[in-house]
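Several structures are given next for inspection.
Heads up, the next two complexes both have subunit A, just with different partners, subunit B and then subunit C.
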Partner chain A sequence: MENIDLIVNQLPAPTWNRLRMNESRVAVAVPTDECEPKVALQGSVCLNKQQIPRIPGKNCCGCAQMATCPVNGIDFASMPTGMGTEMAQLGEGKRIHLVADAGKSTAAVTLRYDDEQKCYNRLEIEAKPGSELTVFMTYISTASAKGMAAVQTKIAAAKDAKVKLVQVQLLGREFLHLNDVGADLAADARFEVLQLQLGGAQIYNGVRTELTGDGSSFDAAIAYYGRNAQRIDMNFIANHYGKKTDCNMTADGVLQQGAFKIYRGTIDFKNGSAGATGDEKETVLLLSDDVVNQSIPLILCSEEDVQGNHGASIGKLDEDLLFYMMSRGFSESDAIDMMAKAKIEGICRRIEDEETVQLVERYLEGVVKE
Partner chain B sequence: MEEKTFVEDIDRSLYDFRNEDKDAYRIEEGLTRDIVEQISREKHDPEWMREFRLKSLEIYNKTPMVQWGPSIEGLNMDNIVTYVRPNTKMQGKWEDVPDDIKDTFERLGIPQAEQTSLAGVGAQYDSELVYHNVRKEVEEQGVVYTDMESALNGPYAEMVKEHFMKLVPPTDHKFAALHGAVWSGGSFVYVPKGVKVAIPLQSYFRLNAKGAGQFEHTLIIVDEGADLHFIEGCSAPKYNVANLHAGCVELFIAKNAKLRYSTIENWSKNMYNLNTKRALVAEGGTIEWVSGSFGSHVSYLYPMSVLNGEGAHSEFTGVTFAGHGQNLDTGCKVVHNAPHTTSLVNTRSISKSGGISTFRSSVVVTNKAKHAKSSVSCQSLMLDNISRSDTIPAIDVRTADADIGHEAKIGRISDDAVFYLMSRGISEEEARAMIVSGFADNVSKELPLEYAVEMNNLIRLEMQGSIG
Partner chain C sequence: MAEELLQVRNLQVNVEDKQILHSIDLDIKPGETHVLMGPNGAGKSTLGYALMGNPKYTITGGSIVFNGEDITKLSVDKRAKAGMFLSFQNPLEVPGISLSSFLKTALEQQRGVRIKAWDFRKELRQAMALLQMDNKYAERDLNTGFSGGEKKKAEILQLLMLNPQLAILDETDSGLDVDAVKIVSQGIKTFQEHRNGALLIITHNTKILEALHVDKTHILAQGSIIKNAGPELVEEISKHGFEQFLQK
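On to the complex of A and B.
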């Protein structure tokens, strides 16, 4: 089967080529299978699986008129994403479209992959003014399965809309996972993304948010547990256009057993984003000597009246902490397992769905005991 | 929205004066094999150096331009004169230096500084050293401080051959190759084992010729247990055509030796400053970089420390001030390649009047660097919203036994701080200048007093006439 060579996760401002951080190249299979997502909805959100013709300038109707709604004014196709424009080479993919009306609602989207499946799915989320939507996305397969799980998620959040996207990746040990997210936020809209990257062999993950409207905010938190020579390749971008916009990005992870990780995180204060604030934090716990950790946190700024901060801490487990735990009767390996799990649990605490949390816990129990 | 008042930068007459170069020898413009061979003949190179130059030219021609930094489209090598020799030989006394050149260095305060606070001075004018002198007591300690040409043909020729462009090979990047092909001038320093040079040596580089390039090579070897502070200064008058500086600094710091390398860079704002600086630090050795970047139209400058011996240490303290028409891409690189190595990076960037400053760094920790520690802190200050400030720090860690920290901040001058100072009777302009000077004090407090004063004057000069 022929592969497609993609350049993904490009840094918005490149640096020395010899560091090999400017972008990543990945050879992916042509998607051949249809992975039918299981979707469960609650509250004022509805699903349109049809290909909706895009007629610029026309607004999409809400859930009540969905059956007869022929038009959509949001240009999801040209909405930029974290992994970049070359994802378009994967084709149309299996597409679903969620529309959330004002009020609270939740959507659970489960993508369960069989062995050898190579799928590309697209999810478009349209959050209407005043909507509060939480979307749980779970990618799952058997532990030994291999294949490709490519998923692109695009979010258009209207004024005052709040979208919380929870993505939990529990794929088999030989899976290639492409997780590509793009969001555009109108005034006072909020987008929160929580990600747990736990399975798979090669994980390429990009999240890009355009803080277009004044007062919009973006909060991203990712935790990962890299092991078994995994490659975890990330690109987070927050583009501040609106005034008094705010972003917060945290990445927290553990690396061992030959894992490779690169975290690219960019806060870009565009001219005109007066009063904007941005924070980025990264902590990486290195548990074996054969790992590679690359981090490149960018702050780009063409506006005076902004505040941007970045902090990174990379290293082994604090020896005093380890000593303390061992003095309380834990073995060294138990103490290390506990600290590694704590990184994941930090995200789990923010997931307001017991079923998803339990799934993660069960998965993690298996991993830690491997 | 806050009201802003903007006034153009004042002129930089302290540095922005020029002499006619009618008596100077100028090689023709451009970069060809003939020109490189001509430079080699002019400089009486040994054969290995002639071959090295030609090989470097080949590498230059094959190496693509960088794709990641500020634009250097305005630099056309066909218009650059790579060698301009002033009409004098190198002198050991200022009174023997021709009047116009001596006057230049006097206006820059070099002879005065030599008398009061330096152990030796090298003064380069265009492509060649015009003055070199070292205090007798320092010479008696066995310290060698001479121009590169004398070193290349003198008793230290073998030492030069052994080290020349070994740390920055011509294959490193396009302008390292250019340097290898057309280098001229610069200083050679050797500090013998255990010798501690109490007061600094200084080289000052003045590029006077219009449309010329300066390609000086500085090679410093600090032997086991020795200690040196080396100061480098540079300036040029402003022309309406591009000038180029592609110098190269190679520093070898032996076991338990220490070198502090301080630079106040104040090239004119038509200068493309594409300079390469690198230090190799052996066991227990220390390199301290102190760097102030104020001038140039475009700058690519990232002093690199290769910590190759156990317990080697590097510190980089830098300030970059980018004003109107400037795109200054500065920072540093550190490679931890041995156990228990440590590095500390502390920088400040200031952008004003449409200037662009970029802090770019890399900290690489190899698998050999067990128990390595590194801390990087960079802060940027935006003085208006027509300027730009970017921070691009890269970290690559390949061992579990490392402790790496990084923090970056970007922001503006606090209105509260300005208001407080104004309430104490200080004008707004003065208050802002004070705050910016304070912001840059990480560098000024590391410099000898008279250089700290010069740096603060430069900041004041840049800040004058600018409110908001």
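On to the complex of A and C.
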């Protein structure tokens, strides 16, 4: 079977090569299947399934006049993403295109994978001025399924648009998951991404946001539950170009049973981003001695009048906290489970969709029983 | 005469290699309120932690019998399930778990059955109203970002909800203003009168005891109980301090 070797999740400013943290290499199968997404829309959002060919040197759609471009001149093909340019080697993929007009709307996109499926999907989201769109994306398969679920999601948020992207990954134990996100924000636009990475064997996850317009903001929160020798490989990048832009990135997770995790978090204050602020915070709970945890918080600065903070809290469950919880009747294993689930519940509380939250709860009940 | 709820005999406790408690004897009957007082560093909190089973405190001798069962070697959670409760002097922050979710799960663990959300909310609201706690605290992460006073109220809220047979209150009144002491004291009184719960109140401050019925008072100094008496001892300590007892 043919494989493609990809270099993904590159750190924007490399550190020492000997640390082997600058990027990751992953061998992926050529996508052979199509995963037909189930899409449900509510409010002022519509679906445009039209395939748009990518022609080198031309506009995204290949047309001569931008005015006639079916994606309103937005060059989604060239939009940078967290996992990087090599993701383009996956081909065309199954594409869906959402357009949100002014007003509130929601879209639920469910990608259900069969055993042995190797799929690549693309989702493009065009949020028009003043639109307020929430997109729920769920990746799901049976617990024992294996395969590949590669998904690229690109977001163009116009002035004053608000996009909330909720990605919940509940794949089988042997899945390779590539989750690649790119966003470009106009003035005063806001992009919020909430991610739960719970299933799969190898998870490569990149999110890159270009805070192009003045006053735009980006909020990313991810929670994961690494176990059973999972590899969780993440690359979050916030590029501040506009004045008074703001980003806030948090990663919260648990590692046990030989899991490996790397988190790269970069806040890049570009020249001209005066008054910008950025904050990144990571907490990792280590529940066994055989796990590997790597973290690279990175703040790059080409502008003087900016404020960037980063912090990390990595360690085992505090003995005093364990005693406190046990004094309320929780057994040691229940207390640990509860703390682990708390990381996930922190994100669940921000998901305004009961069905999605219940899906996660049912999945977690299964994990605890494993 | 009722049987002892708690019976401590010749209890000796070390922290690392240092002996902190020497030959402690203590008997508490169901529904009784005992007050444990003593100068700083006497070992009062150590006794509370050792009774609850904190693994940092090593029991090197003696026994703890609760409800007729020797619990000296029992784990912390099993002591809690048996009906013991410790209100912490410095309650810990539990990020990611809301106060209501924590309490509901703890109650379900204790009762071994799933509790209907509606019934739980009703019970929780009543207890919070008694302690004049804003309902919003129920959905906040337990103790995370709470003021000192709210943390102590959250401890008493847990006491009222979990309804143990014996509650050890470790300086629950420390760091509270006068009004907060009254409110917390009211919560303890409810536990005492309506739930017939036994109490071991560790305190420096007699203010919290004003509204409470006290059965016995003990003075702990240098790791030993040096005086056992009735409620009148509280008043005496309040007026004259510990000096006279230490000299004896």
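Definition applied: the second predicted complex is superposed on the first by the 350 of 370 C-alpha atoms of A that agree within 3 Å, B and C clash if a C-alpha of one lies under 4 Å from a C-alpha of the other, contacts with A are read in each partner's own complex, and residues count from 1 in each chain.
Keep this in mind: contacts are C-beta pairs under 8 Å (C-beta built on N, C-alpha and C of every residue); 3 or more make two chains touch, one makes a residue touch a chain.
No experiment lies behind these values; they were computed from the predicted model shown.
After superposition onto subunit A, the modelled positions of subunit B and subunit C are compatible, with room for both. Contacts of A:328 after superposition: subunit C is touched, whereas subunit B is not reached.
Residue contacts after overlaying the shared chain place A:339 against subunit C, while subunit B stays out of touching range.
Which of subunit B and subunit C touches more residues of subunit A is settled by the count: it is B. When the two complexes are overlaid on their common chain A, residue A:228 makes contact with neither subunit B nor subunit C.
Of the two partner chains, neither subunit B nor subunit C is touched by A:248.
Shared-chain residue A:320: touches subunit C; no touch with subunit B. Between subunit B and subunit C, an angle of 80 degrees opens at the CA centre of subunit A in the superposed model, to the nearest 10. By the document's definition of touching, of the two partners only subunit B reaches A:14; subunit C does not. The minimum CA-CA separation between subunit B and subunit C in the overlaid arrangement is 16 Å, rounded to the whole angstrom. No residue of subunit A touches both subunit B in one complex and subunit C in the other. Within the complex formed with subunit C, the residues of subunit A that make contact are 252, 318-321, 323-332, 334, 338-339, 342-343, 345-346.
Subunit B makes touch with subunit A in their complex at residues 1-2, 67-68, 360, 362, 364, 367, 380, 382-385, 387-412. By the touch criterion stated above, subunit A contacts subunit B in their complex at residues 13-17, 19, 21-22, 269, 271, 274, 284, 286-289, 291-316.
The touching residues of subunit C, counted against subunit A in their complex, run 52, 54-56, 75-77, 79-81, 85-86, 88, 91-92, 94-97, 101-102, 105-106, 109-110, 158, 162.
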